[in-house]
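The following blocks contain the structures, represented as structure tokens.
Consider the two complexes below, in which chain A is the common component and chain B and chain C are the respective partners.
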Partner chain A sequence: MYVIGERINGMFRSVARAIRERNADAIADLARRQVEAGAHVLDLNTGPTGEDPAGIMTWLVSVVQDAVDVPLCIDSPRPAVVAAGLKACRRPAIINSTTGAREKLDALLPLAAEHGAGIIALTIDERGIPRNAEARAEIALAILAATMEAGIPPERLYLDPIVLPVNAAQAQCKEALAAIGAFRHLCDPPPHIIVGLSNVSQGAPNRSLINRTYLAMCLAVGLDTAILDPLDEELMAVLRAANMLLDKEIYAEGLLG
Partner chain B sequence: MYVIGERINGMFRSVARAIRERNADAIADLARRQVEAGAHVLDLNTGPTGEDPAGIMTWLVSVVQDAVDVPLCIDSPRPAVVAAGLKACRRPAIINSTTGAREKLDALLPLAAEHGAGIIALTIDERGIPRNAEARAEIALAILAATMEAGIPPERLYLDPIVLPVNAAQAQCKEALAAIGAFRHLCDPPPHIIVGLSNVSQGAPNRSLINRTYLAMCLAVGLDTAILDPLDEELMAVLRAANMLLDKEIYAEGLLG
Partner chain C sequence: MAVERTKEKWPGRVFTVSIGATAGEGGTRGRVVTIGGHTALPFVSPDDPPANRPVIAMIVRDDKPRDWPETLARPLADVLGSPVEWAQKCVEEYGAEVVCLSLASTHPDRQDASPDQAAKTVRAVLDAVPVPLMVVGCGHHDKDNEVWPRITDAARGERCLMGIACQENYRTLVAACMADGHSLIAEAPIDINIQKQLNILVTEMGLPPERIVLHPGNASLGYGLEYEYSIMERIRLAGLQGDRMLAQPMLAILGEEVWKAKEARLPASQQPAWGDETYRGPAWEAATGMGFLVAGADLLAVLHPEAVLALRRAIDAAVTG
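So, the complex of A and B:
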């Protein structure tokens, strides 16, 4: 499983402050700690900044690239910010994210093609969040067709079934699981399948328990990438155990803490 | 999910002693604690006794029935012991277990039919443990046919894909997961699907972590029953979280500890 570390995000208060103060050490430290904890990629999100979000994204990329040698995931709702981030990246990055909406695809697929980037695609479109697995798979198929048309092969596409909070949209959790199973059969080899794991526990107590239980469940049905908090040790222990149970990592007692 | 409590088993030293000393209080206490912790059924296994295993099974059934009001699972490799246990049960029990081997089926299916009992069936046969999911499904189908012929409907059959220890047969863990997915499509409505969960961590450190991770994974692909340790609080927390994530239990903060 491919782990994308979620912690460099301006939605976290401490990160917002570090960004405001251009505190490169604090950002670099968070980058290093996530990579040491097992992140293969780091997500960068400026959060709601005042001025110059593109400049801030460029700064984040540069600080993190100087600290760690992993690919980056450029996370912004604004194509201009994504473009600035991609331009600053020394190695191919991942765009976070498009949806199945035409306007988004038209803005972001050319960027992904131009920079050789991967792209995360949320399976929603102009009609909003689909209410079941079938509707998600339908949008996924349209996204797959659009990316291939844009010259982006399935191995650079990360389909996201949209995980919603269990305390607000309980029935959607199993629909997202079923969608993961369906996405695996869209083409051969299949695209990557990704979730933003922490969404499932948004607003709930016992967030880590919910996150790690859902992670094991998603892995069982075919998830291969997740944006998550690699600093959550219990979560990472479940991830290693699940990888062993799926025979994707060689069993070793020492890896289970 | 249907939880079968595994703790009244003579393989545990303290239970073996309680059986030897005919200590009804110790057995009754273990029965009550498991039911309070969430067990819906209790497994009874005399372990390797010296004399009169049928008499001991009868005693166990009577002690446990006096302590708690849940169905029992009569667990013995000997048909005569199973028969004695079933005879002592006040309400329909579950037989643990047959395999797909003709001799076992011939001995146990008539007992299940006679007593209106459920029956757990391990998907192995004369050829031993199958090496992949397909071979498990093939045996499952033969067992399903045999049970139906014996007048036992699918809702009284509990198919077990055979869970082996991850530290000894790592690749088999994912085969068992795939088999669970396959068993769901054998007939409609499908038979129950069960695992002996603790097997997966036999001989490993971090048993609870491995058990609870595998439980979440099995539930994601369609498991509906498990023999497990209901006194493992972290395991039961994962079970409740998974049931909520599958929309099988209404989300409630208080249930997650």
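So, the complex of A and C:
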């Protein structure tokens, strides 16, 4: 499974401070630690910032790609910030994220096509968050058609079934699981399927327990990419064990120590 | 209708391992041999930039072998018992790219040669031939642990390939290789899980993963070839899929394992239907080697000069398509 490290996000107070002070060492350190812990891709999010978010994104990209040699995931609701981030990337990146809403697709798909980027697509649209797996699959199909029309092959599409906090929308956790199963059959080869894992535990105590339990469940039904905290050692241990149980990684005692 | 050839794309890559060090690199070798580096299965992707081709090492023993069939002993008869002359013959006459020195004499049940004697032999062979050297101990754990630090020291800086580490006995060899700048052979007989576990243990001690060559066991045509073949194939696939603990080049040791087979040994006088043993014996060693090459072997250790020639022709043909 592909691990996208979530820690370089201005929503975290320490990251917000590092961004404010343009503390490149702190950002580079966070990048290196995530990659050492097993992240294959790093997500970059400037967080809510008043001043020049495009400039900050460009700065983050340049600091992180000087520190580590992994692809980046440009995470912003604003297409102009995404464009600035993509432009600064030395290798193909992933856009985080579009939805099924026409306006979003029109703004972001041309950027993905132009830069050879992957794109994460949340299965929501103008009507809001879908109630069940079937509604998610319907939006997913529309997104898939739009990306193919834009010349983006399924292997660059990351469909996100939308994970909601278990303390707020308990029944939706299993709907998202069912949607993962459905997404796998949309086309052959299937698109990537991704979740923003930490959403599931938003606002709950013992978040790590909820995250790692849900990760194992998602992997069993076909998840192949997740945005998560690679510095959570217990979570990464569950990932290794799950990969072995699903016959995706060759068993070795040392991986379970 | 034109058939489009599918090009394989794998996320992983086999590590590149270099054997031997030139004067500029702190050794005295005339050339360095590099194996591994693959981005695809063996011999199937002419589209990919060619990785390093498989290499043939010729086995040299430090003692006089017993019980060899005449077919095997004849071409080497004038050098058996003299590892230096044997190595020179392999390099000068048969064009060996690497010499694989077997320290069989150190085994307590054979001559029980001392670590100092073994170190002298290693140095003498290094001084006699310009090619890179691989050295394998006698397989007796306690004795190997006495011998290894002495021979790694005697070959310091030559970037040899030293072996053979196994799950029950690897610490001394790993430490010795790290101290003296050598690479290591890691063996797990026909067990991919233990092979991976051993790599985890070895790298946790600090030896980089690009200084390990895997030896997934011994086998011969008719005697376990298919088991080792399938393990080697799975190792290569796992490495190409991105498993760094199974992404090392692989070694297959032919030689005496093959020549134990009655099909390689018995003279035609005893088995008329099997035909001339002077052809059949080397063919058995070469056929075994060809099987391992197709499974993904990067380094073959071979005894019979005719088998070396046959395998070299086969590699040429497979590489050029």
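Keep this in mind: the second predicted complex is superposed on the first by the 257 of 257 C-alpha atoms of A that agree within 3 Å, B and C clash if a C-alpha of one lies under 4 Å from a C-alpha of the other, contacts with A are read in each partner's own complex, and residues count from 1 in each chain.
The criterion applied here is as follows: contacts are C-beta pairs under 8 Å (C-beta built on N, C-alpha and C of every residue); 3 or more make two chains touch, one makes a residue touch a chain.
What you are looking at is a predicted structure, and each value in this text was computed from that prediction instead of being measured.
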Chain B versus chain C as contact partner of A:Ile124, first or second or both or neither: neither
First, second, both or neither for A:Tyr251, with chain B first and chain C second: both
Partner chain(s) touched by A:Ala220 [first = chain B, second = chain C, both, neither]: first
Chain B versus chain C as contact partner of A:Leu109, first or second or both or neither: neither
Touched partner set for A:Ile95, first chain B, second chain C, both or neither: neither
First, second, both or neither for A:Val63, with chain B first and chain C second: neither
Of chain C and chain B, partner touching more chain A residues: B
Touching partner for A:Ile19 - first (chain B), second (chain C), both, neither: neither
Chain C-contacting residues of chain A that also contact chain B: 250-251, 253
Residue numbers on chain A that touch chain C, as the complex places them: 249-255
Chain A contact footprint on chain B (complex, rising order): 166-167, 170-171, 173-174, 177, 200, 204-206, 209-210, 212-214, 216-221, 237-238, 241-242, 244-247, 250-251, 253, 256-257
For the chain C and chain A complex, residues of the former touching the latter: 192-194, 196-197, 200-201, 204, 234, 238, 243, 245-246
